[in-house]
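I am attaching a structure below and will ask some questions about it afterwards.
Labels A, B and C are assigned to the chains in the order they are written; within every chain, residues are numbered from 1.
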Amino acid sequence: MERSETPQEEREELLVVKDLRVWHPVRRLFTTVGYIRAVDGVSFSVPRGKIVAIVGESGCGKTTLARAIMGLVPVTSGSIIFEGKDVTKLPRTVVRRWYTRQVGLVQQDPYAAMPPFMNIKTILEEPMKIHKVPKEERMKRIINMLTEVGLTPPEDFLYKYPHMLSGGQLQRVAIARALVLYPKLVLADEPVSMLDASVRIEILSMFKELQEKYKMSVLYITHDFATAKYFSSEIMVMYAGQIVEIGDTRDVIRAPKHPYTEALISVLPDPDPQNRFTLKKTLPGEPPNLMRPPPGCRLSPRCPYVMERCKTQEPPLLELPGNRKVKCWLYA
Amino acid sequence: MSRAKRTLLLLKTAMHFKGFVLGVAILLVFIGLSVYAAVTWPFEEAIRIWNNPAYWEDYPKFASPAWISLFTGRKEIEGSIILDSTMINPNKCDIYVNETHNIVNCGWLYKEVKIVQRAGRSLLTVNINFTLNYDYDVMPTAGDYRLIVNTKDRVFYYLSVVKPNGLELLIDKGQTITSFRGALIAPPEGISLAQRRYIELINATYGVQLDPAKIARIDPVILIFVDDDLLVKKYVETNGSVLEIRPLKGTYVFKFYRVETMDINATIDLKIVFYGTVYGVAGTDKQGRDLFMAIAWGTPIAIAFGLTASVVTSLLTMIIAAISAWYAGALDNFIQRVNEIFMIIPFLPTVIMIYLFYGLTLWTLLLVIIPLSVLGGGGLKSMRAMFFQIKEMGYIEAARAYGASNARIIFKYMVPRVIPVLIPSIVTAIPSFVFLEAALAILGIADPRLITWGKVLQEAYAAAALQGGYYHWILAPAVSLFLLSIAFASIGFTLDKIFNPRLREL
Amino acid sequence: MSEVLRVERLKLYYRTMSGPVKAVEDAYFTLREKETIALIGESGCGKTSLARAIIRFLPRNVQELSGSVVIDGVETINMSDAEFNEKIRWKKITYVTQAAISSLNPVIKVVDHLIEPLVINFKVPKSEAVERAREMIKSVGIPEDFLWRYPFELSGGMRQRVVIALSLITNPKIVILDEPTSALDVMTQANILNMLKEIRSKRGVSYIFITHDIAVSSELADKVAVMYAGWIVELGPAEKVYVDPLHPYSKGLLGSVPRLRSDREVTFIPGTPPSLINPPKGCRFRPRCKYATPKCEEVPPIIKLGSEEYVRCWLYGEK
């Protein structure tokens, strides 16, 4: 795997992930019989103020990756360098007091993400109370944030409870909660997949406006290429715990280079009446067992372009012109 | 909605359930009872009274509750008939005093204390007459007479009763130098003076010879009040096989006469007590103690005990379960194994053992029961399961993401989810603790000082109340236990229905 | 191609504590042999209720079910439950529910799941039923030996195929597919859609395809019914509805789908769907429609624009 970042670039990037591995031990009867390699050697960087999408199917590791970056799951090896500091090596109290303030989280299910017994005001106040934002400032921020996410008049929403709001409204509250500490990085894990189609774009565009205003970076995790195309400037495709392709969103979608990306995109439909007359070309088989991934390239059992080399040697993340990286021997 | 408004709405909803209303009504009655107890007999005083036999001396023993007479239709003797020559109310009595005479006349009491000269010596003579109007349908359960004497020289005396039908029965005669009490009960062996005199009296008046063996078994107090005509008639009719005992209504005069002593400064008084058949709301026990007092004072103790035990047990269980679930891993393993060990250790024998070695007061009983219930209860496992579920919820993850500490997550995010389940279970657990205390008391494991319902039951059991037919002694605490449990159970179940609705109607 | 289903003036109201929920109002469409109709719309628009009304999978609090549902030439709306169960359900029309994956009994083998409708409803002898199950499971793309396994031994995609096999084994004319691929991976979804396409051409079955994923709906749809707040606001051939929708809501809905292969601007519809207990007076979309006129306070009729094109909007009606 090539590393092209210099230390100086590291410091300019907001977030640099280096060779991250998150392996879940599988225990039977007090001994560990194996590991589920949910994230297996992931490296990338997120510049300031940019939206980066992480796209993949379920089980590819994107959710685990997000949780690892948030500090919610323990990291097996590798580093997560945020503003020059390796978060994986920091003591837990520092992580809790400093890092959680810098990174925000928006989850998929707005109803599960809110404590049902707290009203909106309390929900938004909690992060501020924890990080000791002075009392006078808190209310200001709450009102401000509610307005920013489009819940107006804010006073109407303060004393409501989560079950009284619609999915779209509640997700706006979730976004407000993630932003209330003015974080530098926001992780959005499938933030709109549970919402109705027409509401998705509304929420994403509001989110995009806020991102531009507050100059935050966003890691947008999704399985939906179409919204990723709308929302993000850069895209990373994950398969079986690894990043297989990185590049500018539009370029990757228009001209995917990795066989998996190509298959994934070709399989996703647009509303087109011609679709019903053709069969989609799909990859045979299923994603590999993460406890015993195949040797070499993980896509090799299914890849239509497979070569001998692919079955034994794991390809590195090769850099291509046009700000593209592909983990595939086809481009060596 | 503010907390106060929410609680009010809750109460309003609960009011719709009949069980709840009933439960609250019963509970309010018990609370009222507790207040009454605390006001009427402050705690220390209550304990003192309860454990002091002398206080209950004149109370009827084994008396049924007074309201029984509504059902029996008979006129029962409520309390005791007390004839006491020291009870002189100056406002109601004529008193005449000079150097040699001291005469008191209160209508029911005639007391004459005279100093006379006989054979050159001064003698103190006393005459006491008690006039009693007896119109009850029942016999007293027992009776005794007490000579209260303060003298340096022997006092001679005769005590007899003049019945409404004119017959005069000698009860006792003799001499004494100290106070003493004579019980008007049949002697275990042989025949007493009063009984012998009765046989003679009947013989002289009716010409009928009563069988001494039979009479010897009848308490003199009964002979005093028995309707002789009826007795003799039936005796003769049945040829001596049936002794018909019915009280004779009318005016009785008890004569305490030929009472003399050489000590002219002596004081001599007479107190006759006939113990009644009924008393008060709940009757009395073997020592004559008013069971209502026991019930009334048992109430706050039962409620306080049950409430404290239940609340503390539930809270501790919840906290330990939360910690166990949240930290998981080795700590969880450890706590679970400890829990399982305590589940196997038998609860009752452990408590008994502790009692045998260390003794118990009510508070130390709590101190033993609560840890045993928490550590050995099934509540830990089910709460832990709930917390595990809550732990997986998205908002817990969100809280960790914005930096909430473990303690904050446990107490502000997890515990509130569990409270709607906790509150009804606290209320429904109260009766089991109340019962536990009663059960332990019946086994003899109880605070020796306190009055509890269990104690009452234990004493009733020890005195073979059921065999003796003294059902009220058992019923009073049993019914109280039952009602209190129903009250809490109804309230608890209603709360559960409100907090945890299972089926939602569309 | 003969007609297998004709729905007219279908009405479904639920009874609730807050009043009647007007879940489906005046639904109308026809379906021919081998044809697929897609019901698209957002959550709460009534598409699932409509399907359930047709196959009569209804909860107890139904206040009104009226109109006309003619399945394979037979009017079913007035049939008793027993009659419908005996003659129609699982014989002429079957239903694949949402999250069907969890509808397989984990302690019953796959083969036993498949032969059950045959043995019970059609009195087919067991050996014959097993043969048909064998043939069916192959046509949904599962190797034969999986017949003897238990559902938990199968992956999500395989389980979904089993459920679809179950819906086809009695050779119905119509299969209602209610979000058949929502819980699946994109690849698996594509495979299942491929399989559904093949089965359609081989067996000649008609589909009622319900989904909230508009792009996916175009994989099967010959005609499209756009639903909003219990109404079918537009009904037309796929070529028309996906490319040039007529109803303002359809326009908004299709406009809000981000396209992978084109750079069209994405729009959204402000506001939220109305309450079905108290729908707005007149056109149910009026509060959110940018073309609304005072006339819209009257309920717009269903306006026929072509041989199979209908819109419920004053913009296309008599002035």
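As a convention for this text, a residue touches a chain if its C-beta (ideal position, glycine included) is under 8 Å from a C-beta of that chain, and two chains touch if they have at least 3 such contacts.
Just so it is clear, the structure is predicted and the values come from calculations on it, not from any experiment.
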Top chain pair, ranked by how many C-beta pairs fall in contact: A-C
Relative to chain A, chain with the most remote C-alpha centre: B
Interchain centroid distance [CA atoms averaged], chain A/chain B, Å: 73
Centroid distance [mean C-alpha coordinates] between chain C and chain A, Å: 33
Whole-Å gap between the CA centroids of chain B and chain C: 75
Sequence positions of chain A contacting 2 or more other chains: none
List of chain B residues in touch with chain A within their complex: 1, 393-395, 397-405, 408, 412-413, 416-417
Complex contact set, residues of chain A against chain C: 57-59, 166, 168, 196-202, 205, 223, 225-227, 229-230, 253, 263-265, 267-273, 275-276, 279-280, 282-283, 286
Contacting residues of chain C [partner chain A, same complex]: 36, 42-43, 155, 157, 185-191, 193-194, 197-198, 212-222, 237-239, 242-243, 252-254, 256-262, 266-270, 272
Touching residues on chain A, where the partner in the complex is chain B: 67, 70-72, 96-97, 99-101, 103-105, 107-109, 112-117, 126-127, 130-131, 159, 174, 177, 181
